[in-house]
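Structures given as structure tokens follow.
Here chain A shows up in two complexes: once beside chain B, once beside chain C.
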Partner chain A sequence: MKKRGIGLGCSWYGTGYGNGFPDVSSAFVEIHDDGSATVLTGAVDVGQGSNSIFAQIVAEELGLEAQDICVYSGDTDATPDSGTTAATRQTYNTGNAVLKAVRQAKSSLLVYAAREFSCPTPEGIELKEGYIGVKGDPSRRVPLADLVFQARLRGERFISAESSTARSTPVDPETGQGAPYWPYSFGCQSAEVEVDTETGVVQVLKVVAVHDVGKALNPTQVEGQIAGGVTQGIGYALLEELELDEGKIKNPAFSSYLIPTALDVPNIEAFFVEDAESTGPFGAKGLGEPAMLPTVAAIINAIDDAVGVRITSIPATPEKILKALAEKNGEVNR
Partner chain B sequence: MIEIKLVVNEKPYTLNVEPSERLIDALRNRLGLLGTKEGCGEGECGACTIIMDGKTVNSCLVLAAQANGSVLTTIEGVGNRRSPHPVQKAFVEVGAVQCGFCTPGMVLSAKNLLDKNSHPSETEIGIAMSGNLCRCTGYDKILRAVKIAAEEGKQ
Partner chain C sequence: MKTSVVGSRVTREDAWGKVFGQTKFPADVNLPGQLYAVVIRSPHPHARVLSINSDYALEMAGVVAVLSAKDVPHNAHGVLFRDQPVLAEYVRMVGDPVAVVGAETEEIAREAAKRVQVEYEVLPTVFDPEEAMKPDVLPLHPSLRPTNVLYHMPIRRGSMEEGWAKADVVIEKEYNTQHVDHAFLQPEAVLAYLDERGHLVVQTATQYAHYDRGEIAHALGLRFSQVQVKTLAVGGAFGGREDISLQVIAALMAWKTLRPVKMENTREESFYSHSKRHPMRMQYKTGATKDGKLVAMEAKIVGDSGAYASWSINVLRKAAVHATGPYVIPNVSIDSYAVFTNNPFSGAMRGFGAAQTVLAYESQMDLLAKEIGISPLEIRLRNIFKVGSTTATGQVLTSSVPLDQCLAKITPYLQRGGESE
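Here is the complex of A and B:
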């Protein structure tokens, strides 16, 4: 018989290495005389899209388009260290370093521009739509490229190097108290499953996922990370079992270590909540790992809701579910 | 060495290959077609998918000599920057690419599905794409992109 159930899972997750470990990201920025800018950072984009995020951050700050920004990343010969692409930290940590760097380069540009425009303070200068000029006076502005070009001829350069260190203190080893991470991301997911009581096979029918991302700098990427996380969570809950024999992996192949395919994924509805994080770049915080965490709890709870068995070790394989069902029915029959 | 003749992306080639040489190696090393990716090398992940005589195959499981006389399409033969294939256009539009390693195989599986069935149902799309593993995207946007490409093909 096929039985359906719904379950809920919630998560909170700290961004960065945590527990007082030095968590530092760095970036170099240069604003060029063709109206573009370059960012150098050690952060590695493995497909999650950090290079796009850094381009967006710099573009936003300089009033340019993201395609005007060249992000050169992940080269130990040339880029400053920004730590690992792990711990849900690149948008937040390296994003902060890139933001600090572009603001530093921009501040010397603003000082130069204030002089050029005879503006009493650099605060009176704005960068917008590829132009630089006096705030609120469209007649007094020039293309950014022209101003930087003129500046270069006079020997001025708009270059910066900055780094950003995440807030983290080690927990007290005696009491376990402390503030190991900052910030935290929050998420909640609900899953509907169908359990086949004859075979023990669980099919996930639908997942609704809601995540607090601070600010979605790139909503398409946020949706992609949520869907990717949910799918990894489905694998974590139902399929993926690393078998070890004296420390050696017994199933190091896709034929024996199963991950979800297109047929295993349900309809995923991804939503995000934007509650700006005051310490994040433009309010953003991390989402990478948090997206897969509530899925497991939601699925295990949904199985319980469907057939009334509590699976306490993952993955919830058909064998485990059939065994749990048999034990439950044995109890009932007794 | 064995002499084979084959057509790759509409160009005829004559190659001398080792008897044990895999098709993926002939494509990548002899023809320089690096768009075909090797993932698992054992026919499970679909990253090396190409179209061979109208069927998708894992090019890591086909010997180059077996491709003698065949017509092949690799990702290099599907659209280009200026004029992308509808599947590629839809992938870009919806953001179906994350790390990109599965993408060439995904695009070829989708193209072959749409070549044969211009009105696929959601289940048919799922089945056609289920031989290609992806670890980043959760398939959500990939499946949506194939659906969009199919709908555009109908118009």
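Here is the complex of A and C:
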């Protein structure tokens, strides 16, 4: 018989290195003579999309489009150290460093422009749609490229280097008391599963994921992180296990170490909640690791909801499910 | 704040190259005259290398060099402690690299690797972390720790006596999680060479190019300014590319032979050359009042670090800090341990210790709800963190704690479906 159940899982995650470990990111920015810009950062884009996030941050600040920005990363001869791509820290940490760097380059640009436009304060200057000019007077603006080029002729360049450090302190080694991480990300997921009581096979039918991101800098990439995280969570809950014999790996191949394939991945509905984190770039927090956390709990709780057995050891393989069902039926029959 | 580019669905610049197969991963780059290098790995989980005979390998046409521990100027690397050898004289896990062969083709290098004879003195082993914790078990890293307990983190908050006295319902259970591989689709690959400046250039897929540069410079006795690590496209990482792997071995071979060196793991080699997710045994005892308020929690968490420290201290710390789940519990006692064994070494993996404890704390929540007779959603709503809540480490959450908003959004999806034959 196939029985269905729904389970809920919540999680939280302190982002960044934590515990007072120096968590520093750096970035260099240069605004070019044609009104485009380059950002250099050590932050490696491992496929999660940090390079496009940095392009969006720089474009937003300079009134440009993302395609006007060149992001070059992860080359030790050219880029400053931005820490590791881990700990859900690149959007938040390096995002903050990139934001600080572009704002620094922008501030000298605004000062220069204020002089050009006879404006007594750079507050009166704005960057918008590739133009730079007087706030509130669309007749007094020039293409950004013209101003930057003219500035070069006068020996002025708009370049910057900045760093950003996350807040974190070590906990007391005796009591564990302290403020080890900041910020924390939250999330919850529900899973609907179908358990085959004859074979013990669990099919995940649907996962709904709701994650706290502070501010979604790129909603498509948020959805991508969630889809990947849920998929990895399904593997963790149901399939993946390194089999060891005296320290030797018995299944060092994808024929025997099973990871989810397209056929194992259900319909995933991804939502996000935006409650700005004041220390994040545009209010953003990271999502890389949190996206996979609640999945295992949602699935294990859904299995219990479906067939009334509590799996306490993962992965929840068909063998474990059948054993648990047999024990449960044995108790009933006794 | 009103934004126009931030918050929009900008298409990633790397999307096109990946869709059309133009993206260069490290396995795709080559140089004329390059050598191929293949690692010889230990079949034993704990052993001392007594001798390495490379004569039969070096006799083969096309074999250029066989390097071992004695060829590495500073034979150690590691993220927290440099406790891991580049090429091992003392083996702590199956798969530890003991030698590397450089040859004109990959076929010759793989054949030659089989002809390298390594003599081992096999040592006693321990695979169960709780066994390994015992004080009389041979310590795997005596220079780091007198026993195999690498790390213990206690968390103490409130009074357990008061907590249990208030609890109407107590659930006590043990949870276990497994060793997991990152299973990134692109196995480790690297191209290392000396460029026209005499600098050592290493092209690879890593999570942290600057860390790799430091480890390579340290191992070879070079300045940071003489080593360039350039990251090519990364085909998945998930924590498995935190610790350095082939990069430092390829750099060594290039430095010694003055030839470009290419290395690429098979899937099987890949399983042996990066960390694993820590398996954890988690004993939980959680108490709540009859109206579903959490009042006490006690947990013991033992994580298997395997053969090397890697990030184990940080992982087991993260496990402890997150062990309560996102819930207010006034009385808490947690003990989290990281323990050396002769299993494959554990390190960073997406979730980093906070992934394992979810199984335990969220199972406990459902079991408590059932016992009390309220819904899984209800028990969570009565205990979740909000702005101003205090965590088990005494940290006050000062902003952006919207778990209530997340739960509000998911509530319509918690309706139970039907059964089918």
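Here, the second predicted complex is superposed on the first by the 329 of 334 C-alpha atoms of A that agree within 3 Å, B and C clash if a C-alpha of one lies under 4 Å from a C-alpha of the other, contacts with A are read in each partner's own complex, and residues count from 1 in each chain.
Here is the rule we go by: a contact is a pair of C-beta atoms (placed from the backbone, for glycine too) under 8 Å apart; a residue touches a chain by one contact, two chains touch by 3 or more.
Please read all numbers here as calculations on a predicted model, not as lab measurements.
By the touch criterion defined above, A:156 reaches neither chain B nor chain C. Residue contacts after overlaying the shared chain place A:186 against chain C, while chain B stays out of touching range.
Contacts of A:312 after superposition on the shared chain: chain C is touched, whereas chain B is not.
Residue contacts after overlaying the shared chain place A:116 against neither chain B nor chain C.
In the overlay built on the shared chain, the residue A:2 is in contact with chain C alone; chain B does not reach it.
When the two structures are aligned on the shared chain, A:259 is found in touch with chain B and with chain C.
When the two structures are aligned on the shared chain, A:126 is found in touch with neither chain B nor chain C.
More residues of chain A are in touch with C than with the other of chain B and chain C. After overlaying the two complexes on the shared chain, residue contacts for A:221 are found with chain B and with chain C alike. In the superposed pair of complexes, A:268 makes contact with chain B only, with no contact to chain C. The residues of chain A shared by its contacts with chain B and with chain C are 46-47, 49, 220-221, 229, 232, 253-254, 259.
Taken in their complex, chain B has these residues touching chain A: 40, 42, 44-45, 94-95, 97-101, 125-127, 129-143.
Contacts from chain A toward chain B in the complex involve residues 46-49, 220-221, 223-224, 226-232, 253-255, 259-263, 265, 268, 270. Contact residues on chain C toward chain A in their complex (touch as defined above): 1, 3-14, 43, 45-46, 93-95, 125, 127, 153-157, 173-181, 183, 205-211, 213, 224, 227-231, 233-239, 241-242, 267-268, 270-272, 276, 314, 317-318, 320-322, 325-326, 334, 342-344, 348, 350-352, 354-355, 358-359, 362-363, 365-367, 376-377, 380, 384-385, 392-397, 399-403, 405-407, 409-410, 413-421.
Every residue of chain A that touches chain C in the complex is listed here, in rising order: 1-14, 17-19, 21, 42, 44-47, 49, 51-52, 55-57, 59-60, 64-67, 71, 73-77, 79, 81-87, 171, 173-181, 183-184, 186-190, 192, 194, 205, 208, 210-212, 214-221, 229, 232, 235-236, 240-242, 244, 246-249, 252-254, 257, 259, 269, 271, 273, 275-278, 282-283, 285, 288-289, 292-294, 296-297, 300-301, 304-305, 310, 312-315.
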